[in-house]
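Okay, so here's the structure we're looking at.
A, B, C and D label the chains in the order they appear, each numbered from 1.
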Amino acid sequence: MSSTGKDLEQPRSKMLYISREQRIELLIPVVAVFLALLLGALLVIFIGQSPIKAYSALLKGAFGSKRDIAETLINVTPLIFTGLSVAFSFKCGLFNIGAEGQFIMGQIVAAWIGFQITGLPTVIHMPLAFLLGALAGGLWAALPGYLKAKLGVHEVINTIMMNYIALYFSHYLLMAALKEPGQIPQTPAVAATARLWRILPGTRLHFGLILALGAVCLVYYLLFKTTLGYEIRAVGLNPHAARYSGINVSRDIIIAMTISGALSGAAGAVQILGVQFRFLDLFGFVGYGFDGIAVALLGRNHPFGVLAAATLFGTLARGAVTMQSMAKIPKQIIGIIQATIVLIVAADEILRRLMKPKETEIQGSQDAGEVELGGDR
Amino acid sequence: METGNLADVTIYIALVVSTLRMATPLILAGLGGVFSERSGVVNIALEGIMLISAFMGMLISYYTEAPWLGVLSAVASGVLVALILAVACVRYKSNQVVVGTAINIFSLGFTGFMLRKVFEHAGQSPPVTKVADWTIPLIHKIPVIGPMIGKHTPFVYIAIVAAVISNHVLFETKLGLRIRAVGEHPKAAETVGVDVFAIRYLCVLLSGALAGLAGASLSLGFLSQFRENMTGGRGFIALAAMIFGKWTPYGTLGACILFGFADALQILSQTLGLTFIPRDFLLMAPYILTMAALAGVIGRSVPPAASGVPYERQK
Amino acid sequence: RKPQEEIAEVPQEVKLKAAMVTDVGGLGDESFNDAAYKGLKEAEEKLGFEITVVESKKMDDYEPNLRSLGDQGTDISWAVGFLLTDALDTVAPEYPDLKFGLIDSVVEQPNVASATFKEEEGSFLLGVIAAKMTKTGTVGFVGGMEVPVIEHFDAGFHAGVLSANPDVKVLRGYTGKFDDPAKGKEVALAQFNQGADIIFHASGACGLGVIEAAKEQGEGFWAMGVDSCQHHLAPDNVMSCMMKRVDVAVFEVTKRVQDGTFEPKHYIFGLAEDGVGTCGRTSEHVPEEVLEEVEKYREMIVNGEIVVPASFAELETFTPPSV
Amino acid sequence: MLNKAKGIPVVEMHDITVKFPGVIANDNVSIDLYPGEVLALLGENGAGKTTLMNVLYGLYRPDEGEIRIRGETAYISNPNDAIRLGIGMVHQHFMLIPPFTVAENIVLGVEPVNSYGRLDMDKAVRDVEELSNQYGLIVDPHAKIEDISVGMQQRVEILKALYRGADVLILDEPTAVLTPQEVDELAEIMRSLVDQGKSIIFITHKLQEVIAISDRVTVLKQGKCVGTKETQNTTVEELAQMMVGREVVLSVEKQEAKVGETVLRVDNLHAKGPRNLPALRGVSFHVNAGEIVGIAGVEGNGQKELVETLTGLRKATSGHIYVDGIDIVNSQPRTLIEQGVAHIPEDRQNRGLILDFTVAENFIMRNYYKPPFARGINLDYGTIHTHAKQLISEFDIRTPHENVPVRSLSGGNQQKVIVARELSSEPRLLVASQPTRGLDVGAIEFVHKRLVEQRDKGKAILLISLELDEIMSLSDRILVIYEGQIVGEMTAREATERELGLLMAGGRSKQGLDAERSAVNVQHR
């Protein structure tokens, strides 16, 4: 991408050189988080609580102990998947609002494979349940992809519709076929052989995190290092030119939606196989899919950006729990903080203007900035 | 359980009435979407704006016991939230979907937070005064038609009238011509002296006002209280209806009515005990029907060319 | 963490802690979460507990939320709702010195008390009232989603109607949600339109819409509330409510933690235990003779003469008793 | 039409300076325009012509300089100011709204309303018709822009300016997209406008037109004013020299063609065009290795459909296309690429390039999936960059490096990227559609040389162009297309402009054409 160009433009000594532009780029999320936390603090004061207590609870909850960190990462894991999912579709010029429904399908299928099949060794059963869960999400997204590619029906409508269909369909499947006997609307627990390995003793942290990180690398590789990624980005930027290039645009739209859906399905699968171990009836949307939209956009639809944004969102979500239990702060404040961060990062133009000195100063101050930074190293 | 009598005309009256009721918030929000997108700004924040407006409308009605004042403040708060979208996306050229998503997240947090702060109660507000139903003189006395359209919450009529006015504005006035021009080719519009930014601001704010009405229709029209997340995805459905309706007011109206009808039919089928279809499939029906209609009949819909693209003045 | 005996010795200085984790419905669900909160509140006011509520946003929050309470040495933590069954089963053994309570489901652990309710028994009585009170010969039931718990209400209510007057027709509708009052209202209006004049709901916050619908239809149209007393929402149009005393269960068990009489038991709250039943304001709209009839049924249920069906399957084979 | 400087100039631009980040687009440029004259503005791509005119029209605000209109200092900060001062502009890239009708486009911004405040489209249509008759600019007020020819769009643009009462008209490269006939018509229109007291600033890259149409000419080079000449007293060669700063070879030099075997054979091809109407009606011809076959024709006679059918972008309804004897009709674009069919599309920004991809990525658009650029599913960025650097230097593409997005290149350089890509693929057959549209003379010379070079290497080249000059100077054989049929074929040597023009018009006289046009007009009343 064009960032490599910037690097080439500035051959520098061994010092890590960051241009003023890039520094502003990096600073924006930091400032956004800071301002959002400030707003959160004001709200905490507004309800008559101590912001210091609130935020120390947040920090303690998110990073206070090995287990807290593990819980934070558990929160981050599905967000990485759904964030990647939405980002991937965006790269192909598609807006997958249906991550939520694909997530549900991933959950129910992973749970089903997990409990239905027994006697398989872990090395087969676990990947099988995970992959089929992902596949279910993929197929759920493939339909709107197909309708877009072949009939031109806007994917936004169909993915919205299919969220609701997934909600009721999962309920139907559960009640009609998959429910465990008893009063609780849930499937039987998945077999031990289908569960994701715990990767940090004494915590729930599971192999799904590794899978998510793998997915980040895989999506990066796929998008930027392969011919398929080239095609998908081409279709996303200019479908006419893509067709002229001999790219099968319809096919790529279906593929991109399927991969996007599979990533959301994978999110559902890891939640079942790593955390919940069974599908519990959903009484409404879980929210990972919708959060995925924010994560993708906050991460500028780049896999590594998604990773960072998911980490931020997951940390805040985890912190919200301890803020409630330790500092009695309502969970809604975290929503407000998250929204503020997204808003400020999106409206970065405003910050950019505030942070940029007047044009005449740029030249002089840039050199000064370099020296300063060089000295630090 | 026996099946109801399908020859009974009251069933059809009920169906129409129920359809109109359920379509109303969708129509209002959908029209908001039409204006915004016609001017080139994607408004995915409809859901959030509705929610905040539903809350503010309830709050003012709670304090003043004047429901119409509540409606007014719902509209005002809709405009205010839309202003955030407008400033960020028109003035500062931010990504419209991102800002819209942020507003949606914010609205859930904000209303939940305020509910607890103001009423020290989670979940829902206490009941407030809602706007009284309107009875249309003469018409409500006509048999069959009267019961169908003669008496409703004012929002039903407002929604229909809003659709008619929107269509007029968009296709028969010079403002409408300019709005559509700005949404298709802002630079061309600017070269003939149309103020692209002013039009976009206007449309986004109008979109906020309409979404605000949609929110008020929920908390002050159909119900008389605010409930957390009471919009329940209606903003997204409205967005879908707008696309379904090919970005036209009447198209959107039709799509919303179709959606409301499918939902009403679903509820009626349950009530009549038509249980040969699993209930979950009945619940899915409106969504499946929408998809089928799109795939089978409507097909391709092309958004305004500049929708979603921030406009930049050259120098 | 202090062993429990130690705390019992110094009740004045160190406040006992009680807390609850909601299910995804959260506070304000107009159902068990709210009722549990009420019980907890009572424990704060009457018993001096320090209370905390942790609302769960997602299913996978249950475990960490319970742990977070455990880590703070909460003396009794309530897991509210059957969805938390697995989570509690996992977490409770990690804190053997602390106590836990579970609503609407059962976990067998040495430090867990479970409370379940016979919703069908209370619903039965409302069915009797509805059958006796209807002027149109048609009553309705509005459920949230078709899950076993809601089936208890549905089947119980139906059986009650059948027993009191087999000629009364029962309409049935589900909203498919628990949190959309507008949907609840629409389903209720459809039933009113089809001739129902009394509608019993078990649909969480959708029920707000059911009550709104009755209020809007005006005199002669009734809603029946659920879980807690919902009369205040529309005093003239709420006939009765099916009380599910989650608050009582929470309060009583929490009290036992203070008394030191906590037992890791499975408490079943039915009519006999006053864990379910009609609300106190039922007599405002229901005449004496009907209440007497209801009382008769109550006694038959309590002494086992009537076994109230708790599912559609049981309803099929249910034969209305002759009074 | 010798309009010597008379009275005060209607427009004076003094020492205008416009800076863009990194570029000084106008550096102390001064021009003036007298009433009733045509001033030509000449300069290479990127010389600053459009920028200067955008300043005059209020789209850009200059960093320095002064504008006077009819002797009075004017502050033009937006197009409304310019319109009020009687300035109208026809933009290089048309500023028309495709789904709107002609009338809607013309009245946008100054819409007539009736007493109820309702848009009065009937009046708009009447106004447009009136105006169109007054100036002889024939348009169909009810037609949608997306359905009409570029020539008519051009007239709509001029009417737009006139409708606003412009008496100073800026025409930015108005002839770039017109057929010779249309250019003639435009010249006539311009003359009649001038006769009616309008003044015109006219930007073009075609020196012949400057000589034919203008009274005076101002030449810009790299943002600076090189000089102003009376058209009378200058020559094409001198202007070219002023513009480019070196001698330019204006005619194409080429050897006799060494014709090889047939590469492309088109047999009775039928295809549909816009609104599902037949656009190709039995086209048959062939192109041999080592020759350039030009297709002449007025825009909208099936050229676009022919090119698209030949390159797999449009389905043929019947007929055959053989490349090296293999029938490839209705194959996917990829199959044709594999068959060695290269394609320079007419719409470079929408089809030929992915503007947000880097230059390097654009170079591999049509063969990214094959070695050496791909190994299995992996892209080999090392090779891709080397390849890009090589093409950039070989084709003299002006770009800082290969990793900038193509969007940031000038139009001429964007076109060079396409040409470089298509020629470097070593095709059997090259379909070149409008390969030099909008390029300056230097760039045109370059592209022409490359095409001839390819021909001499034994490639078959099919050239589609609206510019007769280009067709006549490059082609070995010329075909004329009219209403979806090949109506004439001749060798370049026997072809005359007159004869070609006649065939392009369907073999009918000009009067016949005009009659037909007004018939179209009547149809819609």
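We adopt the following convention: a contact is a pair of C-beta atoms (placed from the backbone, for glycine too) under 8 Å apart; a residue touches a chain by one contact, two chains touch by 3 or more.
None of the values given here were measured: they were computed from a predicted structure.
Farthest chain from chain D (centres taken as the mean of C-alpha atoms): C. A straight line joining the Cα centres of chain A and chain D is 46 Å long. Annotation: 76 Å between the Cα-based centres of chain C and chain D. Taking the mean of the C-alpha atoms as each chain's centre, chain B and chain C sit 35 Å apart. Chain centres here are Cα means. That of chain A falls 29 Å from that of chain B.
Contacts with at least two other chains are made by no residue of chain D.
Residue positions 280, 283 of chain B are each in touch with at least two other chains. Residue numbers of chain C whose C-beta contacts span two or more other chains: 55, 146, 176-177, 179. The complete set of chain-chain contacts reads A-B, A-C, A-D, B-C, B-D. Those residues of chain A lying in contact with chain D across their complex are 1-2, 4-5, 8-9, 225-231, 233-234, 237-238, 240-248.
Within the complex formed with chain A, the chain B residues making contact are 84, 87-88, 92-95, 97-99, 101-106, 108-110, 112-113, 116-117, 233, 236-237, 239-240, 243-244, 278, 280-281, 283-284, 287-288, 290-291, 294-295, 298-301, 303. Those residues of chain D whose C-beta lies close enough to touch chain B in the complex are 18, 20, 54, 57, 59-61, 78-80, 83, 89, 91, 94-100, 104, 107-111, 113, 117-119, 160, 164. Residues of chain C that touch chain A in their complex: 19, 24-25, 52-55, 57-61, 63-65, 67-69, 72, 82-83, 85-86, 105, 116, 144-149, 176-179. Against chain D, in their complex, chain B makes its touches with residues 168, 172-174, 176-178, 180-181, 184-185, 187-194, 305, 314-315.
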